[in-house]
C-alpha cells in the first residue's frame, strides 16, 4: 500500500536524495540524525469506552488512534484428556500470574483480533491486510501474549485491537501504528477477576481495581516488566542505516525492513534471579529479543530511472546509439543519475540493520524508554 | 424496556438529568491535525467524531488515496443541475471504529447504512459549499467515529462543517445539525407528549426521533431524517425543537471557529486580516 | 461507467421556467400523481405497478430456513432491489449506484423497520425453523419516482402473497401444498406508502409530487415521507440537497398523508377485486371458512 505509494519526485531529486543519504554521516532532508525518530505526541486513555486506548501524533501530522476492547469468550476445549486432571492451579495462579509458566495456561492466537483501518483504502486491500498481519504477527510471535488473556480453563478474554489511521497515509504508517498499538496495550486494563477456579467468570465492577494487561512494577525499569513488542521501520541506503524514514527517504531506499523487537523476559527473569540483591544497582539495560523481520518493498523500485547525458538525445546522443547505451547505463551506475535499486540487500547490510536495532542503548531501547515515560492515566 | 419513560412525567427530567430543551455538552476543536487541509474533533456528550478534509484537490491524485474506496460516494450530482464536471465533487468516507459502541462490533465499509450516511453528508455539504469555484476537483472528507452515544449523523455533519471551515473552503453558512425526539410512543397519540432535544443512545432506541440539519441561523432544513414510527401530529413539535437546537449548535460551532481564529492571530500564526476587523477578534 | 445523458441547459431552463409559471411538462397539477396502475400476477405475491412510464415488478417468495442465531424468535425478511441496465443504461449489474443504495435503504426503513410485517409470525420452531420471506424488486422501466412506485409494489405484493400453510405435530413440521390446504396470508400490521416531494428553484420554493425522470434531473433536492393511513410517519428522508423551509416540509407531510390514504384505499380496492376474481364459484370461500374455525 503506502510503501508503493506514488512518489512525486523527479529522477534528479531522487538521485540527490540518494547521494545525500549515502554520505557518511548521511544528511537527511529534515536534518535528523540517522537513528533519530521524528518527535511525537502521545497520550493514552483517550476513550473511556474502551479497555485501553492511545493516540500518537507524529510531527509530520500523521496521527493514529488505537482502541482495545476485551470480551469474555468461552474457550473451545481441545484436549478433553487433561481437562479433568489438573484444574487446581487455575485461579490461584492468576494472582501473581505472569512469570508462572504453568503449562495449562496456553493461549491461542485466535484470542487476539487486530484490524487496521486506513482512510481511503478498502479493508481488504492488500496493503492494509499486510500491515495488520505484521502488527499481529509481532504481537503473537512468542505466544506469551495470548497467555495473558487466559481466565480459567473454560474462559478467556478475546481482545479486539482496532487500529485507525486518522490522517492520510503520508509516510509508511507501520512504525506509527505499531507504537500506538504498543501504548494502547500498555494502557489496557481488564476487570479484576473475583471468581475462582473454573466457575463462570465474575468480575469486580470497580474500574479502579482493574488490572493492567501488562502490569507495571513499581520500580519500573529495574524489575522485569513485560511489554508488548514494537515494530520499527529501518532502511538502508548504501551502507548507511536510517531509522524512521520519511516518505521521501523511503523513496530512495535500497532495502527497507520492518523489525519487531520485544524485551526478552526470560533472560531478564534469570538475570533478575541471580542478581536479586543488587538489582537496584543493575543498570536499566534490557535485553531485546528479535521477534520478526519483514522486508518491505520500497517504492524506490518503481521509480523511473534517470537518463545519463551520454544517452540523452537532447545532449547530442543519436537514436541509433540510444538502445545499447541505455542497456549499459542500466548495468553501471553513472554518478548523479538515478537508478532504481535492483536485486536484494547485501547480507552484511541486513545483519548490520538488525544489529543496530538490537544493540544496547540503540534505537529500540530508546523508543521503549520514551514510551515508558508516557503517563498511562 | 430499559428506559423507564414513565419517570419523565414525574420530575420532567430525562435519564441523564437534562430538561427537555437542553443540549448535551458539545466540545469541539478545529485544526487538530497538521497534515490535513482541514480537521476537526467534535464531542456531543459521549459521541465523539474526528474529521479530516483534504482538498479541494485534483481528483486524479485521489485514485491512490481516498477515492479508491468503495465507500466514497460521490455527491457531485447535487445542486441546481450542477453537472459533475462543473463543481467540485464532495466525497465522504466514514470509518466507524470497532470500539466505538458498547459491544465491539465491526462495521463493514460496504454497509448500506454507512453508504446512506456518506451520501447524506456529501449532499448536504455540497449544497452549502461553493463547489462551483473548484471545477474538476474533489473535496475528500474522511470521518472517524470514535465513540457512539446517539445523534451520530448530527455529530458527523457538525464535524464535517467545522473541518470544511478549517480547510478554508468557501461556504454559504454553517450546516449545523442536532436531533429531536418526542416522549410519546409511536402508537399513542397523546397530546401531552413533550418534544425532546438532542437524544442520547438510550433515548434513540426507545423513543421516536429525527435528525435535522439547518443552514446557518435560518429555518431552512438541509437534512431531515426520521427513522422511527411517529404520529404526524408529533412532527411539528419535534421539528421546531430540532430547528431551534440547530441554531444553538450553530452558535457553538461559530464560537469554536472564532476562538481558534483569535488564538491564531494572537500567536501570530496568521496575520490579522482586514476582514477580521468586523469579526470582533481582539 | 456509463452515465445517463444529462438534459441540456435549454431543457433544464425550460422545465424550471415552466414550473415557475406553474406548468408541468405533462400538464399535471403540482400535487397530482401520474395514472397509477396495479395488476397482480397469476401467482400469489406478484405485483406489477406502472406509474406513468415507470414500471416496477415485485415478487415475493418464501422458503423455510434456519433463523439468525441472535434472533431465534424472528423470521427472515429481506427486500432485494436490483437496478439493471433494463431500467436505464446508467445502471450496471453488480455495482450499486447511489440511487440503488438509497432506494434499498428507503424500502428497508419504510417496510421492514416500521414493522409492517410481523416477523415473529414467521417463526415456526424457535431457533430452528422459520420462514424466510424475500421480496425481489425489479425495475422494468425508469421514468422518475422509482421510490414511490417500488414501495407501492412491495406493499401490494406482500399483501397479495400467500404462504403455504404449515402445521407442527409432535415436533414434525409439515408444509402443505396449495392443493392440500389453502395458503395463508402474511400477518400484516400496517401498510406504509412512500410519497416523494421534489423541490425546484434556488430556495427550493416549488414542490412537486411524482416527478418524472426529466424533472428529477433538474430538481435541487427531494424529500421522501413514508406514512400509513393511520397518520403514522414511518420514515422521513431528506438527504441533503438545497435547504427547504421547515414550514414547507410540514405542509408537504400533511399533503403526503392524504396521498397515502388514497394509495391505501386504492390498494384495498384492488386486493378485493383480485380476491373476487380468484374466488370462482364460492368454493374457496367455503374452504377458507372451514379453515377459519
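For clarity, chains are labelled A, B and C in written order, and residue numbers in each chain start from 1.
We adopt the following convention: contacts are C-beta pairs under 8 Å (C-beta built on N, C-alpha and C of every residue); 3 or more make two chains touch, one makes a residue touch a chain.
To keep track of the chains, here are their UniProt names: A = Ribosomal RNA-processing protein 42; B = 3' exoribonuclease family, domain 1-domain-containing protein; C = Exosome complex component RRP45.
Keep in mind the model is a prediction, meaning the values are calculated, not measured.
Listed by label, the chains touching chain A and chain B alike form an empty list. When chain pairs are compared by their number of contacting C-beta pairs, B-C comes first.
The most distant chain from chain B is A, comparing centres defined as mean Cα coordinates. Distance from each chain's C-alpha mean to the overall C-alpha mean is smallest for B. Averaging Cα coordinates per chain places chain A and chain B 35 Å apart. Note: centroid distance chain B to chain C, computed from Cα atoms, is 30 Å. Taking the mean of the C-alpha atoms as each chain's centre, chain A and chain C sit 52 Å apart.
For chain A, the set of residues touching two or more other chains is empty.
Considering their complex, residues 33-36, 46, 48, 50, 52, 54, 62, 64-70, 72, 93, 95, 97-104, 106, 108-109, 140, 142, 144, 146-147 of chain B touch chain A. Looking at the complex, you find that chain B touches chain C at residues 73-75, 78-81, 83, 112-113, 115-116, 119-127, 186-187, 210, 214-215, 218-227, 229-233, 235-236, 239-240, 243. On the side of chain C, the complex with chain B involves touching residues 6-7, 12, 98, 101-102, 104-105, 108-109, 113-115, 202-203, 217-218, 220-221, 223, 227, 231-247, 249-250, 253-254, 257.
On the chain A side of its complex with chain B, the touching residues are 5-6, 47, 49-50, 53, 57, 59-63, 65, 67-69, 71, 115, 117, 119-123, 160, 162, 164, 166-170.
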